[in-house]
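Look for subunit A in each of the two complexes below; its partner is subunit B in the first and subunit C in the second.
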Partner chain A sequence: MIDIAGILTDNILNILLITLGGILISWSVHFVPVGGAPAAMAQATGIGTGTVQLAAGAGLTGLVTAAAMMNVTDSMLLVIASGAVGAMIMMSVTMIVGTWVYAYGVGCPPASAKAKYDPITKDRQDLYVSQGTEGHGLPTVCFVSGVIGAALGGIGGAMVYYYLLIIENGLAAPDIVGIASIFAVGIFFVNAVIPSYNIGGTIEGYHDPKFKKFPKAVFASFIATFLCAILGVLAIGGL
Partner chain B sequence: MEPLTSMGVMALIGAAATIAGASEDLESDVGSQSNPNSQVQLAPQMMYPHRIFNKAISGEPPSNALMCAIGGTTASVLMSAGASVILALAIGAIIAAAIHGTYATTSYFGRSASQRRFKQPIYLDILRSHLPVIMGYAFITTFCILVVSYLMIAVLAHPFSLPLMAFIWGITVGAIGSSTGDVHYGAEREFQNVEFGSGLNAANSGNIVRRAESGLRNGMDNSWFCAKFGGPVTGLAFGMTVFLSGWITVLFDASKGDAIGWISVIAGTLIVLILTIWNRNIEVAARKAFGPYKKDEEAEVAA
Partner chain C sequence: MSVGGGGGGAHAAIPHNNIIAFGLVGGLVGIYAAYFLVDMLGEYMSFLGALGAICGIVWGAAAVRRVANYGLGTGVPSIGMLALGMGVVAATFGLAVGGVAGPVIAVIFAAIIGLVIGVLANKVLKMGIPIMEQSMTEIAAAGTITIIGLSTSMVGTFLFDEVMTGVITTGHIAVIFIAGGLAILHPFNANLGADEKQDRTLACAFEKGGIAMIVAGIVATIMPLASGALTILVGLAVWYVGFSAFYKRVKRDAYMITGSGLLPSKEELE
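Now for the complex of A and B:
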């Protein structure tokens, strides 16, 4: 018989930190500049793909880097920093190559439709938005916002993985890695999907008015991840 | 492991990832998947029936993740039964490509049939000619991702299992292909009938180019065009992602001490900083080259 109360009390800190990781993932998605289908036709500012998919791509790359690091070190901070760096590299490489395509393949300058001046470079934006579009490409503010989002997502994903992996259990090393990584990927997807209701297809980054809606998504993520964390801890701790 | 050997393995991983990225993007161009397919789907409704293959099985990341996870699982089972690595990876990729072909077929029939009221025909010759190409690209993508995943696990001692690693790289290659190469297909190739540059005016939505360099345009014509720019840059993007994220931990190996691990984190942050500055440089050059599209009315009023 599994001692449910015992496992939960022993791992209460893990549950809370996994929940915090989930909240970070949910918050991070709001930073990522995604333009959905319109951006793929250079009709909207941001990266031309879906919110969940891009955040998951970056976060999971971070998870691969974090897991590689966790194999060789016990330092929690180093594992989490590696997760952040892996995700940041994926996101910035995707954005720079996206900029190549917009500038050299499509022939349009990066321009934001949500801000008159780029908050970082102070460049005028509205004059560079072509007719019939909602902006295009990735101005500096979107790039920086995307990098911040990827870093937070990578930290969140790495935290979830780390605190699932250190739960005490009777499994052999490859099995615990397998089950912890599957749970980490699952929790990542749950928290990448929740903010998409706020974002509704397109968001330019932290300067977009939609960004202010993030507390609702963070609250929803708190509840969802808390339940996921309890299930994860019970599943792993009970084995 | 010897640092030189690790670097050699990283180079091989980077090369395989570059091929995977390029073939992933070209597969999505020849079969028309992901966001640009919204225009291919919309065209008949705007009275522009066409001969372009129309298969958005799902978003690119889930569809590639499915292919790679199927390939990884099959290869893993075969290897545990004693098959050689190359054979196991090749058979895994063949099965993944066959399943992808099944989805592509049902997807083309379903999508085209649903547009009967807009007089969009189902072309059996398009299905026959495009399906082997789609499956061929799917095979190359899955095989290269499996090679990347296998090398990371078997040689670089990554703790994840082969199917999970293949699944994660499948998600990532799809996310990158959908973010980079697809823009070349969606914003340029589909709309060569409007003046080059400045993005697509929403009023032109659905009015995709239907005539090719010779005859009527199909998916293979799109693949031919995108292979010149969109496909290779997608390959570079995925190759850079896989190579750089692994390279910093191979070069600054954290197993020799946490201090070296922190150097790898700093090296990664420096790479991101360089890319940010590069993006800014392209932004400045593009603003200068393509110029403002409107007059500055505020400045005129002030004058």
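Now for the complex of A and C:
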């Protein structure tokens, strides 16, 4: 049987930082303009898919870029920055291509229904919202908000991965990478779904009134990630 | 719109407690049978693990059906991904610390994580779904059984060293993640609506379980301690039976089935 108390006291900092990573992921989802199925039909502002798919896409890209950086250096800051940049690139590409599709394919201008003026460009929004819809496309503020969200999510995902990877254990190098990444993916999915239930599926970005609900999701993620982090540290540290 | 659900409890012809027993007992029996019979009779018995996973998949799909029927406020897929997210954490932990008792420990810890997330969903996020706590517990446990069952049929054992090198390090865990997750989330997602029927949804879950089993069999062909041929054959049989049952129920529930013909050609339109 493994020495539970010993592993937990040795790795208490890792558990706390993994939990912090989970909280960042949970917070980051509130920044991402998730439109869900209505946005896929250009009837709501945002990217036309669900929170989990978007968070998973950005998070996994962040994980891959973080892991690639980890091959070259052990510096924590470089690994986390690399994760953030990977996630930001993925989210930006998704949003810019989505905007092309809305503008040139569907034929609707990017417009937000939640704000009368775009908080960044100060452009009038409500005149361009088609009747019967809740906005469409990705206005500038949504795009910027999405990039911020992707950065936070990438930082969170990379932190979870990095602090699982540096736990002392008796595993060979490829094995520890495998188990740390699958744990990170599991924790990522849990923390992507919790905020998605908090915002009820759709949000436009930090200017959306629903954004103010984020403390509830952050608190829920704190408890859930803490539990998962203990299990992860025990599993990896005990090997 | 992907919100789904009629905003109330789901009607069920098969009592839900029977499905819980089927998933939990069937899943664990399948996993342990695969583990012991591979040692005793030979590696071809590894297909039993995937049968255990199918029990877990059907249970998971039934639990998703019950909870998503209240309307989650977001797409049904989220709950399937949550199931596998919780499941993969619990399964890896249970197998890593548990040895032979691994699957049981994994299911217990999955139930704890699920219960905590269910309580958080109702008390903190205020989702207000009365069966949320129970359903989350079930979904997490079902996801764990699915992961361990498919892993067992891939490598022929659930002992952590083999699962580690054969499933996790090679990346086959990603296949399990998506095949198992889809099998749990897809049945209700595909069948939801006013005329959703329990037996049709569960038939769809069986069929998806068959696909996951075939995939596990394909992976098993390259594993030293497992044999893939029987897993693929049984998987094909399960898929055929599941698909026929699903198709029969689709025809039963459809108001009318009619051929619409091909799209009219350009000349016919003029």
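Operating definition for what follows: the second predicted complex is superposed on the first by the 239 of 239 C-alpha atoms of A that agree within 3 Å, B and C clash if a C-alpha of one lies under 4 Å from a C-alpha of the other, contacts with A are read in each partner's own complex, and residues count from 1 in each chain.
What we mean here is this: contacts are C-beta pairs under 8 Å (C-beta built on N, C-alpha and C of every residue); 3 or more make two chains touch, one makes a residue touch a chain.
Nothing here was measured: the structure is a model prediction, and the numbers come from that model.
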{"item": "Partners on subunit A (subunit B, subunit C) - clash or fit", "value": "clash"}
{"item": "First, second, both or neither for A:Ala68, with subunit B first and subunit C second", "value": "first"}
{"item": "Subunit B versus subunit C as contact partner of A:Cys228, first or second or both or neither", "value": "second"}
{"item": "Touching partner for A:Met90 - first (subunit B), second (subunit C), both, neither", "value": "first"}
{"item": "Touch count on subunit A, higher of subunit B and subunit C", "value": "B"}
{"item": "Touching partner for A:Gly36 - first (subunit B), second (subunit C), both, neither", "value": "both"}
{"item": "Contacts of A:Lys216 with subunit B and subunit C, given as first, second, both or neither", "value": "second"}
{"item": "Touching partner for A:Gly132 - first (subunit B), second (subunit C), both, neither", "value": "first"}
{"item": "Which of subunit B and subunit C A:Leu239 touches, first, second, both or neither", "value": "second"}
{"item": "Stretch of subunit C penetrating subunit B in the combined three-chain arrangement, among 25-33, 79-87, 151-159 or 259-267", "value": "259-267"}
{"item": "Subunit B and subunit C contact sites that coincide on subunit A, given as residue numbers", "value": "36-38, 50, 53, 56, 174, 177-178, 182, 185"}
{"item": "Partner subunit A, residues of subunit B touching it in the complex", "value": "34-36, 38-39, 59-62, 152, 156-161, 164-165, 167-169, 171-172, 174-176, 178-184, 186-188, 190-191, 196-205, 229-230, 233-234, 236-237, 240-241, 244-246, 248-249, 253-255, 258, 261-262, 264-265, 268-269, 271-272, 275-276, 278-280, 282-283, 285-287, 289-290, 292-296"}
{"item": "Touch list for subunit C against partner subunit A, complex", "value": "1-3, 72-75, 77-79, 81-82, 84-90, 92-93, 96-97, 109, 112-113, 116-117, 120-121, 124-127, 160, 164-165, 168-171, 173, 177"}
{"item": "Interface residues, subunit A side, partner subunit B - complex", "value": "36-43, 47-50, 53-54, 56-58, 60-61, 63-65, 67-73, 75, 78, 81-82, 85-86, 88-90, 92-110, 121, 123-124, 126-133, 136-140, 143-144, 147, 173-174, 177-178, 181-182, 185"}
{"item": "Complex contacts: residues of subunit A adjacent to subunit C", "value": "1-2, 36-38, 50-53, 56, 171, 174-175, 177-179, 182-183, 185-190, 192-194, 196-198, 200-202, 216-217, 219-220, 223-224, 227-228, 231-232, 234-236, 238-239"}
